[in-house]
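Two complexes are shown next, each including chain A; its partner changes from chain B in the first to chain C in the second.
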Partner chain A sequence: MTMRRYWYYPGCSGHASARDYQRSVALISPALGLDLVEVEDWNCCGTTAMTSVEPRLSVVLSARNLALAEEAGGRADLVVTCNSCYAILRRAQEQYARRREVRAEVDEALAGIGRRYSGTVRVRHLLEVLVRDVGLDALRERVRRPLSGLRLAPYYGCLLGRPRNDFEDPEEPLSMDRLLEATGATVVRFDRKSKCCGGALITTHEEAALELVREVLSEAAAREARAVVTACPMCQFNLDAYQAKVNAAFGTRLRLPVLYFSQVLGLSLGFGASELGLGQRFVPVGGVGKL
Partner chain B sequence: MRAVQSQVPGRGPLPVVGEADLDGKFVVTVMELSGEDGLLGCIQCGTCTGSCQLSSWMDYTPRRIVDMVRKGLAREVLASRAIWYCASCYYCTVRCPRGIKLTEVLYALKSLALARGYAEPGAPAPAFYRTFFEVVGRYGRLYEPGLMIGVALRSGFGRLFRLAPLGLGMLRRGKMALLPERVRAVDEVRALMERVSRGLVRR
Partner chain C sequence: MSEVRIAVYVCHCGTNIADKVDVAGVREFARRLPGVEVARDYQYMCADPGQELLRSDIRERGINRVVVASCSPRMHEATFRQVLESAGLNGYLFEMANIREHCSWVTEESELATHKARALVAAAVKRVRFHAPLEERYVEVNQKALVVGGGIAGIEAALKIARAGKKVWLVERGPSIGGKMAGLDKTFPTLDCSACILTPKMVEAAQHPKITLLSYSEVEGVDGYVGNFQVTVRRKARYVREEDCTGCGTCYQKCPKKVPSEFDGGLSHRKAIYVPFPQAVPNVPVIDRSNCIRFQTGRCGACEKFCPRDAVDFEQEDEFLTLEVGAVIVATGYETFQPQEAPQWGWGRYENVLTARQLERLVNASGPTGGKVLLRRDGEFTDEVPKSVAVLHCIGSRDENYYPYCSRLCCMASLKLAHLIREKTGAQVYSFYIDIRSAGKGYEEFYTRVQAEGIQFIRGKGAEVLERDGQLYVHAEDTLLGAYREVPVDMVVLSTAVTPAPGAERVAQIFGIQRGQDGFFLESHPKLEPLKTATEGIYIVGCCQGPKDIPDSVAQGAGGAAEVLSLLTAGRVQISPVVAEIDAEACSGCKVCVPLCPYSAIKYDEERGACGVNEALCKGCGTCVASCPSGALSCRHFTDEQIYAQIEEVSSL
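Here is the complex of A and B:
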């Protein structure tokens, strides 16, 4: 099997609240011919929090990560697994390419720390790499344990397709639907697939964010999904860790495990539930992990 | 003194402000900071408000915020609750028929509210953003316990007690690092932050 080489940016959550995500990615990647190497000494991308403190801040912080990948060389694509990192790093990549004054500011700031960037790194989400570079046919061929009969709700959240990019549709994304179908699972219709989970509002305006979480989970339940599948640590956290609070606040009886697409894919490739980190969640996976 | 009123219906009345209290340059400041120079082309269609999942929580809806920015109601916009309810979901941005990236405008407004001292230090969102900034300045990466404790210090310890069960739940599930990870070249991160945020962040 030829290995495809990429730089990998786990993001802060990849080393903390989404360690199970990272674990499953580390497990499935080599099995699918992906050689992901973590960028040395990466820093926080800045996310929406820093962008709100100063709109340029996350561009400059992200640019350091892009510069580190470029300096190390040998691989053109930087693979990201967090949707927020993805949107913020892409925003940096685009502003750097399109806006002269931003480029000047970034160049100057990087020069101040003895680094330079020339704009060659391409930021990509792991989901895109799986669907486009590995390909659905190759994925299908590697499935050892088809997840037949498992009904899954694909939840993309905001930042995979928004703002516009060359990968996903801003409102009707399909890549995860296709990937989950390749595992043999049944993908339910899911109209709220690209709605917002509340993001950081879960910390700052919990009441408002809980309503958004409820909307997503209750559609999944109404469609009789056994689990919700995400591609983002923020979405996973809000839907999983706050599910009990949603039930308490709205009198619902939701009990939906929230998995990462990499974990579902891992199950179908024959990996075990615990090595994929399926135990590390608030709502237990139950029967979903025993398939 | 001429009173400025909104010409289009929306949630509640627009504040009545005397001409002398209007900031004629506000729209230019916002356009420069956000890079969205098409704000004057907004047709007030309300697609942003209709697409916003948080607009029902806002004191002024997104369409209204644009209207107010253009009229120079700087103080009212920057002191509003609305701007802190933006979750940066980008629905307004992808749907705007005039191609205005309203999410970018909201980043700029939050930034101005922090810089000009409109955001109350204890209010949850400003406390969250300020603390996030400090934590990344210290470690170069996010450190969740540091964020939680910092937010609590700013907005009252009641919050820490409410967050404690969640933190313990995360810890038990291996979802929280006890010790922070520090970027080796954290000085580089600090230098970048210092350079870009100079003069903007008021502690």
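Here is the complex of A and C:
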């Protein structure tokens, strides 16, 4: 199998709360012909916190990561697995390309730390790489253990198609639907697939965020999904870690495992539940992992 | 050539030019150019006193070439040519320098704008020296007209032309005329019944001795030029012979195949052989081939068997007609935004989310529920009436993700629907709006009336519609309250944007019409030529030009008829003398130019062994001139001498 090489940006959560996500990605990538090489010395993308207080500095933080990938040479695709990193890095990519004043400011800041960026890096979500570069047919061919009969709710969160990009529709994203279908699973209709999970509000305004988490989980339960599948560490965390709190606050009896698409894909490719990190859940995956 | 005596006029255009360009400086510069006898600057050259300046200089100072430095020739070249003619000078001994659009409006620095104005004036002065007098020519105008599109605007245009005694072809793509108006229940602000005011016009159009109605037909191509168009029309096979059918309806009663009705927005069924609605004109069914059992499997044929007049004909084929007409009115209408492209509003997800056009069918007595507003469950209407309904304005309109423009008619249509729902069901009706745009006669009064009827107006665009535990919720930011709201309702009505009709691109291509950024057809001047297009003799009326309500569409239809009648009644039309000519001696007969001509104006003459230009067809575009390897082709008023003089001068400054 020819290997395709990409630069990889795991993001802060990839090294912390979403280590299982990163582990599953590291496991399935070589099996699908992807050689993901982590960018050395990367820093925070400048996510929510920085964006809301110092929007320009957040672009500079992102741009440093882009500059690192560019300096490293080779294929100029930077693969991201966190939706927030994806949105923030892409915004930096686009603002740098289109807005002269941003470009000037970023160039100056980078010069201060002895770096240069010329705008060649393309930020891509791993989902996009799987669906477009690897392709659904190739994925289907590699499925060893079809997940027949497993009902899954594809939950994209709000950031994958926002701001508008050439990858996903902001309201009706479909890449994960197609990918999960390729594993043989049954993808349920999911109207709240691109609604917000509450994001960082879970730490600052928990009441409001829990309401949003409940909305998403309740629909998945109503549609009789066995699990919710996400593409973002923040979504996964809010839906999984706060499920018990939602049940306590609203009197619901939700018990939905929340998986990463890479873990589901891994199961279908024949990897075991524990090597994919499926044990590291607040809501136990139970039978889903034993398929 | 007698001595060249040039007059130059620099126009201020009020402050449009004079604020940026040093007009006195340009005048002084022009005065010193070779051949210039008179140079003046003036506030408004196009106004009467400006024109008079020109006339008196020609008469009293022996001027025989004129340059006006002002606006675009598109605006006033014709005006000034006439002034020259009225002073006894040929109109083509004139040149315009555009120092408004090309200088003052687009240049930030005064210095640079003035410099460019000087260059353009110098170039015009150099060029005009080589101008030659040209004679205008005239061609006869064919006395028949074509109207494309049988909605209210097209019907109105056809009737007005026919009543003046001129023959009209009315071509309609669908099986019936009537357009979008036929699907409406009541019309704002008077609430008169749409069918009651439209149907008589449809019938008159079909029966008028001067109108030939070609329904279920499409224009495939247009040849010729103003006054003499040849139009190819495809008459699509109906599989029912129009001349034999009496419209008895036996065929569609017997047809076993049910298909969702387009006319009712999918809320009811029609058959595979059908008339779109009971008052259809002509009242002759068509067979929808893709859904017909006979066409798909070879079995069935019930309609043929039961037709008492043997009018069903499965063997029928498309026919082609060529119409000769002097003028064309394009009235191809609009479409509405398809909300499945935007799932956040729930259409297609939740069965009690309807478009405004679907609701029109529900409130209509001949609609799928006999005029009752009822909720649906599992694809069927129940007998349950909604207790609360939300009407969402601006769905797809005024939205940079979809259509940035205001669709103009939906505020009033939404108010009308809110009124009708309230009247028929007594439901609590919420109207979610950005602003209410009720500009029109009696419109604001209607808005006030609807407010008094107890409709709840929420200033905030409906952001999304979601179902929770079987209940629909409209989410919106109430901008008057400064709060986020989730309003539970039983039914949601989406007032979707008005968009260009499907196929508008092709229609534009066939008729040589330009389209604006929004995809609607482009008029030749937004204020003063709202019905004309870039192609002479082709006019646009109604919603194909942009969103319009019924009164405006009718007014435009009548206006289009007036354009056509003034052309037809004049009987002849001026043809520009700016055309290509061939020096037969120099032509080698290589025929390179023949296929290049976009107007098919060049023919090869076997006998002379040379090509010739049909001056009536030639538009003077110059393509052939540039292609001719032996230099035998030239274009009048754009000779090499003239163009080189201009280029040399403009680049020397």
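Basically, the second predicted complex is superposed on the first by the 291 of 291 C-alpha atoms of A that agree within 3 Å, B and C clash if a C-alpha of one lies under 4 Å from a C-alpha of the other, contacts with A are read in each partner's own complex, and residues count from 1 in each chain.
Note that a contact is a pair of C-beta atoms (placed from the backbone, for glycine too) under 8 Å apart; a residue touches a chain by one contact, two chains touch by 3 or more.
Here the structure is a predicted model, which means the values were calculated and not measured.
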First, second, both or neither for A:Arg122, with chain B first and chain C second: neither
Contacts of A:Arg4 with chain B and chain C, given as first, second, both or neither: neither
Partner chain in contact with A:Arg192 - chain B first, chain C second, else both or neither: second
Partner chain in contact with A:Arg223 - chain B first, chain C second, else both or neither: neither
Partner chain(s) touched by A:Glu172 [first = chain B, second = chain C, both, neither]: second
Touching partner for A:Arg164 - first (chain B), second (chain C), both, neither: both
Broader residue contact with chain A after superposition on the shared chain, chain B or chain C: B
Common interface positions of chain A, toward chain B and toward chain C: 164, 170-171
Complex interface listing, chain A residues touching chain C: 164, 170-172, 191-192, 215, 218
Complex contacts: residues of chain B adjacent to chain A: 33-35, 53-54, 57, 84-85, 87-91, 93-94, 101, 103-104, 106-108, 110-111, 114, 124-125, 127-130, 132-133, 136, 140-142, 144, 151, 166, 169-170, 173-177, 181, 183-189, 191-193, 195-197, 200-201
Partner chain B, residues of chain A touching it in the complex: 12-13, 15-20, 41-44, 46-57, 60-61, 64, 87, 95, 99, 102, 105, 109-110, 112-113, 115, 158-159, 162-164, 170-171, 195-196, 198-201, 203-205, 208-209, 212, 241, 279-282
Chain A partner contacts - residues on chain C that touch it in the complex: 342-344, 346, 349, 401, 466-468
